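You will see chain A twice below: alongside chain B first, and alongside chain C after that.
Moving on to the complex of A and B:
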């Protein structure tokens, strides 16, 4: 188990290096930050001074080398827009996004998997039909539209829930949480639903098709021939086997919630990393953009690592091969 | 004579399809007494397995029992509610499937699979169930059974897995075992061991066995009586020695002629011309008539008669006669 984890970690370092190159290269084309920094009536001298201050006139490799050197010291640079260290800015916003994404990920798994089993086991029940058509809706409506619709119904018309922001937050050490106040909970409901509907739809359909496959297999027929209860056959025998091919995709799916969160955060003015990234794009805040991408990459890698370790727990056949 | 354990009367199974109703089992009747092994032979698609699944109530839709009765220990079971049928499976009727590689749940230790079956059907504590499971594994000849309780199916060979499957089928002490091609997927060297094991255990426990196979060697080795099926119907039913040495139905005769026997040396094997008709395209009259050397106008015009003496045939062969 330890060996497998270390092996994965070496992969992770490689992937991170790649992401740093890509983000560094890509954002060279995002525009000239000096135009965003300088006042509109700047002189050519001020402009040249700005370029020099940001080392923008150095050759690409020199710039990248300096970037890596700073990265190795844990210095992600200073935001051009805010004039503060990027890392601090990211960590200020990280809790908001993390709470949103994790809540959405957990909910989509907790709702999507049982619904997937239900629709596979009882395809004719009314609940199955309802969940299947609901999932079609969730999968086909764009996230921002769901967000706006929810906001219109529950915030504007019914006035049950707030339409933007995080509500009251509490500092827990360095972690700025919204999950300890009732206004925080009320604020997170609509963004979480917006993010989760699509994820539930995807997970439901994945689990359903995997279950339909497994339910036809011999060991499920044998479990039935042994007179086991339907619940036991479905959840103890069929489901874990059905999950094996699905776990990877569910992991990636939860990772992708992070990118969907950008749209949701903009719609609900959620003060997280996604909203900050969109603002950074507009301000051509290169260090902030690059740092955001790195944080996202780390998040994906951690989820993938968790998924790989989950396989070791789920499937005894893999554990034997690696030990 | 004591009452039979299993009594099947005129059992028919139907599958409605777009092209019409298929009858994979058509008016089959037989009894199995306590401790008796009834071999059921026939080609693929003759309805052997379908009859077994019908008896244990595991037909998959749209196949269903369309007529006849199934009695187990004096109780009619083909009309039971699904829940009652479920309780009976495993407890009254055990089943052994063809492929031991796929009939065990790969993610659950075999000890757990045994224990769950015992706990489902017998009023015992967890510890007692585990003790019984261990005893079951010892009975089927798993070496070092106590250490193997926690092993997963992939840690066993095919023959050992089939022993585990047999232990599973027998663990709640059913009065009937339906063994559906239990040796077909095994190495030839292991086949005889498994047949001998099944025979020994069922003799000791007085379990009735319906042994479905297309292997005449297995029938000759294990069974007391043999039922020969052709196109969903019973062609011949009688004591194994009589049927094998003096077949009365021309089909059985053909089958015997096409089975290599050491006593016959290297003589050329006979083959039955043609192949079994598809269920959707059964000929008029006796289903075997297009391939039968003795067929005449009567056979082409009338369905085969109800069992006379031993064979369901208008022109049964007189023992000793050759065609």
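Moving on to the complex of A and C:
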């Protein structure tokens, strides 16, 4: 247990160190930051002063150390495009992305797991066939095409739902939420469906194959032989065991949800971090890109840690075996 | 003809003839690739030659004569009077070129690193596989975006449009090498303890020669499967990046760029500018994917 945790921790520290070096190199070596900061008619004296102020003439390691020190103060630099501190910009847009990703995560688990169980338990039912072929389609359609298709049908042709933006938002302290107004809910429907379809397909397939394996095992056969009701066997005995590998993959999947969220945000012009990241890419706004990379890395590592802990709760054998 | 007959009679050929899905996908892929390669001959217009464009032809509907000029375009025209069918053919060229080149790059890099990691072992292996682990922490499309962004930061401003295609290839290729490296390393670990490798070592062949001449041919069949599936993924990744506006530039549009442009006309009712590139992309990605699935099953004797 301790060894595994230590390995996990060292992996996390290693990834963070690597990401911080990459973002430092992006910030420091791609273009001259002084040209970006100073006005276009700067004097050589101002230029020399700027280089000295940013420690640009110091050795690499000294600069990297100074960069880490700024990081620890939460100073990730100033966006070249917006002219504001990037951390503030990212946190302004964080709620929009968070609401989108969480809502679609919850939905895909709530829909994907029962459908996966259904297709495993009743493989001949008409609903199973329907959800299986649906999941094949959901997994092979690129996210942006799903988004455009939904937008075309529900926003352009039928005019039921808005095609872009978040609708009306309400400030709750520092968190501006779109979930407290009817236009906010109407706006989030299409982006959430776009983001959820692929996830449902993935979770459905995982749960199905894990369930099929568990249903063949001795303890399930024994539970059936004992005369327990089918529902009890499937949900109380089989499902928790089938969920163990599923939890890991769902945890890893959250990373890909975040990247599909970028695509979804662009299709629906959803004002979240992803849309800002793509705009930063187009404008070559390196400090903003570097900061987004760091925030994502921290996010992924936290998720991975949570998944590891959940593992211990779901499967106590792991803790015993490793100790 | 003899070679073709032999190929059709082999195990793979037999499985191919027995799988209608594989045959249909192969036909679709062949038609699409041929029409992309031969685009200058097949396409009725050259969409990038301003001399052949007539602005009066703008927004022609598919299969209907244009209201001003009376010209008929199979799949309609865009706002500047460019034939959508021709732009799709030229766009598919860019998509396929980027896809193939990116997979080739990822394959070369991944196979080399996988061979080295598996054969040499030690800290070389630790370093390579650790790098692979770290990269797997991040979704590949995000990695590709970041590499694209960094590379764009390093290229001079006036070169960015010309370099975009190459940057795209490197970005997608670098985001995809891990699969190849992992599989090749695993297979190499198995192969390197077999007698033929020991024999080669005994007669004094150098490690480089053993890796390339002896081990490589024996680990290639899973590589082929991954390469096919990677091609579908690379085509979709390229389309996604171009759709986001961080891929192929409008001067050299790929299918993704065309879809991006088409989305802008969705609200004004010119659906054909969006629909036809999207359907082409889907047909291409789906048929390559199905071909990869079939190849995986056909090359894996355990599943038969």
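Here is the rule we go by: the second predicted complex is superposed on the first by the 260 of 323 C-alpha atoms of A that agree within 3 Å, B and C clash if a C-alpha of one lies under 4 Å from a C-alpha of the other, contacts with A are read in each partner's own complex, and residues count from 1 in each chain.
Criterion: contacts are C-beta pairs under 8 Å (C-beta built on N, C-alpha and C of every residue); 3 or more make two chains touch, one makes a residue touch a chain.
What you are looking at is a predicted structure, and each value in this text was computed from that prediction instead of being measured.
*Asks:* With the two complexes superposed on chain A, say which partner A:114 touches: chain B (first), chain C (second), both, or neither.
*Replies:* A:114 contacts neither chain B nor chain C.
*Asks:* Which holds for A:240: it touches chain B only (first), chain C only (second), both, or neither?
*Replies:* In the superposed model, A:240 contacts chain B only, not chain C.
*Asks:* After superposition on the shared chain, which partner residues are touched by A:232: those of chain B (first), chain C (second), both, or neither?
*Replies:* A:232: touches chain B, not chain C.
*Asks:* Pick one for A:314: touches chain B only (first), chain C only (second), both, or neither.
*Replies:* After superposition on chain A, A:314 lies in contact with chain B alone.
*Asks:* Who touches more of chain A, chain B or chain C?
*Replies:* Chain A has more residues touched by C than by the other partner.
*Asks:* After superposition on the shared chain, which partner residues are touched by A:224: those of chain B (first), chain C (second), both, or neither?
*Replies:* first
*Asks:* Could you say whether A:85 touches chain B, chain C, both of them, or neither, answering first, second, both or neither?
*Replies:* neither
*Asks:* Using the touch definition from the top, say if A:167 reaches chain B (first), chain C (second), both or neither.
*Replies:* A:167 contacts neither chain B nor chain C.
*Asks:* In the overlaid three-chain picture, which partner chain does A:134 touch, first (chain B) or second (chain C), both, or neither?
*Replies:* After superposing on A, A:134 lies clear of both chain B and chain C.
*Asks:* Under the stated contact criterion, what part of chain A meets chain C in this complex?
*Replies:* For this pair, the touching residues of chain A are 11, 14-15, 18, 22, 26, 29-31, 140-145, 148, 151-152, 156, 163, 255-256, 258-259, 262-263, 266-267, 277-278, 280-282, 284, 286, 289, 293, 296-297, 300-301, 304.
*Asks:* Using the touch rule from the top, collect the residues of chain C that touch chain A in their complex.
*Replies:* Per the stated touch rule, the residues are 130, 133-134, 137-139, 141-142, 145-146, 148-150, 152-154, 236, 239-240, 243-246, 259, 263, 266-267, 271, 274, 278, 281-282, 285-286, 289.
*Asks:* How about chain A: which of its residues touch chain B in the complex?
*Replies:* 217-219, 221-230, 232, 236-237, 240-241, 314-317, 320
*Asks:* For the complex, which residues does chain B have touching chain A?
*Replies:* Within the complex, chain B contacts chain A at residues 56, 58, 86-91, 94-95, 97, 99, 102-108, 116-117, 120-121, 152, 154-155, 165, 168-169, 172.
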